[in-house]
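Shared between the two complexes below is chain A, which pairs with chain B and chain C, respectively.
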Partner chain A sequence: MITVNTEAYPWHPGMTVRSLLDEKVFTFRHIIVRVNGEYVPEEDYENFAVQDEDDVVVLHLMAGG
Partner chain B sequence: MKRYLRNHDAISETEQSRLAEKHVLVVGCGGLGGMLIECLARIGVGHLRVVDGDLFDETNLNRQLLSSTINLGRPKTLAAQQRVMAVNPLVKVEAFQTLLTEENAVDLLSGCDVAVDALDNIPARLLLQQAAKAANIPLVHAAVAGWIGQVCVIQPGQDLLNMLYPSSTEPHGEEQESGTLSFTAAVTASWQAAETVKLLLGKSGLEGEVLQIDLFSSIMNKVKLI
Partner chain C sequence: MGTIIKEYSYTPAKVERGYSGKSLYINVSDLRIEEKVITDFMKEKFTGGKGFDLWYLWNAVTPETRWDSPENEIVMSVGPIGGITQYSGTGKTLVAAISPLTGIPIDSNAGGYFGPLLKFSGWDAFELQGKSDKDILIYIDGNNGLIQIEEAEDYPEDSHLLAEELTRKYALNEDDMVNISVVCTGSAAKHGYMGMLNFSFYDPRRKVCRFKQAARGGLGTILRDKKVKALVVKYKGVTPNLNNAADIATINKVGVKYHKEMHDLDSKQNKMRQIGTANTVMIMSQYDLLPTRNFQTGGDPEVVKIAPEIFINEWLTQGLHDGCWYGCTMSCAKCADHFLLTSGPYAGERVTVDGPEYECVAGLGANLGIFDPQAILEQNFYCDTYGIDLISYATTVAFIMECYEREQIGPDHTGGLELRFGNASASLELIHQMSRGEGFGKLVGLGTRNLKKIFVDEFGADPMLLEDIGMETKGLEYAEYSHKESLAQQGGFALATKGPQHDEAWLIFMDMVNKQIPTFEDKANALYYFPMFRTWFGLVGLCKLPWNDIVPADNHKTDSPAKVPEHVQNYVDIFNAVTGRNIDKDELILQSERVYQFQRVFSVRMGKGERKDDYPPYRSLGPVSPEEYLSRQELYDKQLRDLQGLNPETMSLNEKIAATRRYREDQYEQLMDAVYRRRGWTMNGIPTPERLKEIGMDLPQLIEVVEPKL
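So, the complex of A and B:
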């Protein structure tokens, strides 16, 4: 089990940031991903492995006023 | 005072007097800033310093409380000042029609208890965070895009905006695609005003976390940043 934005979510072997975003249908173009506090750049989504019990934060990147 | 009767007892009379002594810097008088200034003036924050270099244009009319068809082409700070004077003449307003810059930031923050980020681009937000840190005062941040908004309170040195904007090569975010909606700006600015008032009164609020509000999905999510 992992945590995504404070909620528990089932983990499975082979899970990457990209596959997690796809599963959770996070489709916004501008997002920020942190795994255990570490910022994950978009170019690393495909290869960044999410491990069991990881704490994943996915935030919208917005700056409008 | 009769004007503040409906503030009590959510705000005590002692707290009301304290608010009257407080100074708040609001940078940005647009979608967020307009509603924020309205809230702070009505609740009785005594001194508002409002900063914005822009003039109103037609694209502001969908959401910006201070804009109207009769003040297009006029400074946003002037509208803010006039609105506060009309709503609550007890509030002292200083209006600066200028962009926030490295050169003027120290002067603009001087004497303020709290700075409020109601800006519309990432570089200016990061500059304000740096200035608030140098002035050793808290910063209340908010931003919006389409149906979503976010708020966080940044104590000096926490640099939470670096986590919200980790690779700020672009000045804008989701709002470039989603636009900005009136109710999103209103809700987010209202939350930002509440956090500002809590700071001014020494009450606890958001701490090391960001609140993201999704009005489309009817979800609020508070995520720990530090």
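So, the complex of A and C:
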């Protein structure tokens, strides 16, 4: 189990930041991803492995409208 | 064309450090024209823009004033930063009046050239009071210091014709047309309460007048009630430092930095230059936030038919000038050129349609169940030229369509129109009826709150159902975001001073997706900071979009990326550089709060602005109908278990809906308490004298309003 934005979420082997974003349907382009506090640049999403019990924060930067 | 019935000559005041120091007052009852001095008191307490508007309006009206009282004013002001050309989004005009929809002060803002040209013509603000007995237009020539009031019976009413004709009338030649801006409305504005104001700017490449709108709250209705057909300003000679800024070098430096961001990052972020605000339509649907069929759900599979790419590839004209004031590199305005109209009085003509903005696609599209780009653009065009606020229109018609489908009203009431979701031709017919002041369309123009009463009193509809599904608070229709799953945004809408417009706060992602503000106090802090911060744009003449629709590449390294700290500092630097003052980001918030609290007290003075006025319809908070509950059954059942300790397996659907409702209404009450405390209000929503004193707004006239309410 991992935590995504403070809520528990099931982990599975092979999970990457990209696959997690796809699973969560986080399609908004303007986001910041941090895994255990570490900033993950967009170019690393495909290869950045998410481990079991990781704390993932996906900040959507729209405060507008 | 018409007879000139009044002329007034003046010496245009030179703008110094963002202010001309003068405001213009015109009373169209007796054709009185006066000049007023912008005092240091006004600058200190109200800064400019919406602050000046509200101060003048306060002094013009009494608690008995109604929207159509002669003393009601339309006041407009651009603010001290307005008109600089070195940064994006610096041409906003702020407009205020007592609204026909709400009965309290409404404020709305528009791009276009009018505000900056008005200031460069010598006027920081403009008050329009009184009621004419015949159609007139007001012309301000800022180069020659001349004001003319002219009879205007023979001019067309609809904006695309009127603005074009007036721009040509006052321009010396084609090159001169960019120096003219027209404020007008359209034929529907005199038949309902949701008339809006169009602010023109001439596009020399397309060779058409284009428009931005001060749309909310019925400002166009008031203009036509005063029998003013148009306001026209002409000023030739816009240059980069007409504000005579105290420190132009800093403005240049901040501007260059910002434009580089725009150039490098927009294509990787929100694509504002490519599609504009409509870039978020698919995103909103994917996050369950796109209001669909009167806010019943947050998206629909059919939304792909109105996706941004459809408009970009098939309808919009790219690569032309798309900024609504000089120097805006965000350039988010968009056009569908040579659009062929298929209905109404202009059927068969090809026109330029300004838009579609996000609110247009969401409101006239998804919320009406219309997933047809052509129909959206045609409604967009006619709402604009007829002077209809398309947000109020869309939210009202979505309510009507649901009433129709739930058999609360029928064809006998609608003149035979089958007002079901997805019926684009019926919606267009309503729009044309609003223009003509005929049929069921004339009722539509009265807005959702009035229609609820009519449907119940005259058509026998179910009052409880209509209260739940009619999306208005304080009499103003909701803007186009579904927000049932964000408690903070429920407050962002219903606790907004003027009514449920999202320009105070848009907290859905912070709250619902990011989970950054989990407690009531967190939400209350957000509902303090963001409304205060965003109010500031309206004080100084800025557009909100350049603040956070693009952010610096290293914004993620900051402590509070949602606030975009570097851009906040840009605004502090620009304000100081224009005015020569020395504020910091905390004083920026203080400037805003002074006006924010003033507006709340103003609402109290007009008989609203209390706790009873801050309640949303239940559809804002949760599922009204069985279908809505079932559409998110997994989520709602989980919430019954996790949040209330109930077992949904043992409950009927109606029991689950009722339990969900009790819980959510209680949550909203607790949110109100927390927000009121944070804003320094009593539990009845009244700003306290202590809070007013802390921010330097314990003016006798304000204390006189709040003390009896304590």
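The criterion applied here is as follows: the second predicted complex is superposed on the first by the 61 of 65 C-alpha atoms of A that agree within 3 Å, B and C clash if a C-alpha of one lies under 4 Å from a C-alpha of the other, contacts with A are read in each partner's own complex, and residues count from 1 in each chain.
The criterion applied here is as follows: contacts are C-beta pairs under 8 Å (C-beta built on N, C-alpha and C of every residue); 3 or more make two chains touch, one makes a residue touch a chain.
Worth saying up front: this structure is predicted, and the values here are computed from it rather than measured.
Undergrad: Mind working out whether A:Y39 is in touch with chain B, chain C, both or neither, as first, second, both or neither?
TA: It touches chain B and chain C both.
Undergrad: Of the partners chain B and chain C, which touch A:T6 in the superposed model: first, second, both, neither?
TA: Both partners.
Undergrad: Of the two partner chains, chain B (first) and chain C (second), which one does A:L59 touch, if any: first, second, both, or neither?
TA: both
Undergrad: Give one of first, second, both or neither to describe whether A:G14 is in contact with chain B, with chain C, with both, or with none.
TA: neither
Undergrad: By the touch definition at the top of the document, which applies to A:F28: first (chain B), second (chain C), both, or neither?
TA: Both chain B and chain C are touched by A:F28.
Undergrad: Check chain A for residues that touch chain B in one structure and chain C in the other, and list them.
TA: 5-6, 28-30, 32, 39, 57, 59-65
Undergrad: Mind pulling up the chain B residues that touch chain A in the complex?
TA: 28, 30-33, 118-122, 125, 142-145, 148-150, 163-167, 171-177, 179-180, 185, 210, 212, 221-224
Undergrad: Please output the residues of chain A touching chain C within their complex, sorted ascending.
TA: Residues 5-7, 25-30, 32, 39, 57-65 of chain A touch chain C in their complex.
Undergrad: Which residues of chain C touch chain A in their complex?
TA: These residues of chain C touch chain A: 268-270, 280, 282-283, 286-287, 358, 479, 481, 502, 506-510, 513-516, 518, 530, 544-545, 547-549, 551, 555-557, 561-563.
Undergrad: Would you tell me which residues of chain A are touching chain B in their complex?
TA: On the chain A side, the touching residues are 5-6, 28-30, 32, 34, 39, 41, 57, 59-65.
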